[in-house]
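A single structure is presented below for examination.
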Amino acid sequence: MSFWGIEVKPGKPFTHNFDNQRGRLHISQATLSIGSSTQKSVVQCNVGDKSPVLLCALLPDKNESCPLDLEFEEEEEVIFSVIGPRSVHLTGYYIPIVGCGHDDDSDSYGE
Amino acid sequence: MSFWGIEVKPGKPFTHNFDNQRGRLHISQATLSIGSSTQKSVVQCNVGDKSPVLLCALLPDKNESCPLDLEFEEEEEVIFSVIGPRSVHLTGYYIPIVGCGHDDDSDSYGE
Amino acid sequence: MSFWGIEVKPGKPFTHNFDNQRGRLHISQATLSIGSSTQKSVVQCNVGDKSPVLLCALLPDKNESCPLDLEFEEEEEVIFSVIGPRSVHLTGYYIPIVGCGHDDDSDSYGE
Amino acid sequence: MSFWGIEVKPGKPFTHNFDNQRGRLHISQATLSIGSSTQKSVVQCNVGDKSPVLLCALLPDKNESCPLDLEFEEEEEVIFSVIGPRSVHLTGYYIPIVGCGHDDDSDSYGE
Amino acid sequence: MSFWGIEVKPGKPFTHNFDNQRGRLHISQATLSIGSSTQKSVVQCNVGDKSPVLLCALLPDKNESCPLDLEFEEEEEVIFSVIGPRSVHLTGYYIPIVGCGHDDDSDSYGE
């Protein structure tokens, strides 16, 4: 259960809350949804009360996918929103915890 | 035996099942197959009964390859499908397990 | 608290100082702000008294986002500036310290 | 001695064999050679007797470089070939072995 | 002191020599300098007496930045040169050494 994927629709921001069980989230990719509008869609991120920042801009028929490489492990709310007409799919994964003396996948023992 | 590569054809979804021997799968890249259609092909991913998400959009003669950086270690089925006329090649690798006191490649001892 | 994001405006360079508590900074992405100018914006970086270098060039309506993969852990000041009409959003994260016998997130114990 | 780079010419596939001394190969990038043809060049990979897969498509005057992020540690032969008129340069590096109590570069001691 | 950045000018190759103190170099990005020529600039790399390979091709007004993800830890000289009219900025960082029982940044103790 490492994969993570959501669709962020225009006007419907998505709130990500840190989950201690799942850990640090790595967002890998943004992809424009299928649609007819040719205007760009931009993904914005708000963390707590900091200034919002733009994560990527997707251009229909030119660049409809964008690699991201972002990581989130915030105590505050992280809100993703879309500025533009088409929704954006964000995909990534939860990062496995690497350590000594214990594996990140405890199910692998005793099998 | 780390490399992983498949071709996903339109109308023929590919199902990936977690293999405990091979471990966590990292998908690195999507590339459009050779063909004449100029319509885009989009790769969709379904994990268990979650909402499907789009992983990338490939545009003939503009962006025919797309980096992905996704990781899968799901107990549920992961289904990749293509929306569009041309099939898509997905490539990546199984991630070696890094730990202490034992190497990920036990064959390297005693050689 | 791993996410990092700033907006660098033309004529207003941003200075990053190393913070021992937060550690090594990974910058992942540059994205052009929303605006009407069609001229490109280039991100420049000055570290101490070394020659300035260009990190990326963003082209309106062509490539408005650019992956970066840069890391900073400098004792000297690091100054990011924009050459061009539109401001640029830089996003990334602080890299967790990986070690033995102690976790990078000490808050995760005792919860 | 970590860098790895080859040129794959049309009609002259390149065979990569696993080398126990050098370890796991990471291929980072494909770049089109200098030439006049405007037709695309596609890189294909054959591992043992598995179905060939496409790694990337390079488009003259549009996208002449493509990031790859692939890793190979195969007992079987890995054959890279080019479909198209211009040769392709593949670059990457051998991945250092990370472990406990011994460094990946034993030459660094005693110098 | 992890950041690394240089400008490679046409006709003035840059030689990188391995520095035992700084370690393995990761090159992340190539960006075209500001200029008026619309011809492409290609970055070439020569390692010792091996055949030169191309690392990336930068196209003015189309793709002026290119991610690289290359690593160098060579005993031989590594020479970067530019084929084309405009110089290219290469940026990256020195990779911290990860181990057990000792941190990569010993300065962080006792501060």
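To keep things simple, chains are lettered A, B, C, D and E as they appear, and every chain counts its residues starting from 1.
Here, a residue touches a chain if its C-beta (ideal position, glycine included) is under 8 Å from a C-beta of that chain, and two chains touch if they have at least 3 such contacts.
This is a predicted model, so every value here is computed, not measured.
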Q) Which rotation angle, from 0 to 180°, best lines up the CA atoms of subunit A with subunit E, given as a multiple of 5? A) 145
Q: Determine whether subunit B and subunit D, two copies of the same sequence, contact each other through the same residue numbers or different ones, counting it as same when over half of the numbers at the interface appear on both sides.
A: different
Q | subunit B and subunit C: spacing of chain centres that average the CA atoms, whole Å | A | 29
Q. If you average the Cα atoms of subunit A and of subunit B to get two centres, how far apart are those centres in Å?
A. 18
**Q.** Overlap residues in subunit A, where contacts from two or more other chains coincide
**A.** 62-63, 67, 69, 98, 100
Q) What is the shape of the graph in which nodes denote protein chains and edges denote touching chain pairs (line, ring, star, complete, other)? A) ring
Q) Reading round the ring, first subunit D, next subunit E, what is the order of all the chains? A) D, E, C, A, B
**Q.** Touching residues on subunit E, where the partner in the complex is subunit D
**A.** 20, 24, 40, 42, 45, 47, 50-51, 53-57, 59, 62-63, 66-76, 78, 83, 97-100
Q) Tell me, which parts of subunit D touch subunit E in their complex? A) 1-3, 5-7, 28-29, 31-34, 61-65, 67, 69, 89-93, 96, 98, 100-101, 103, 105, 108, 111
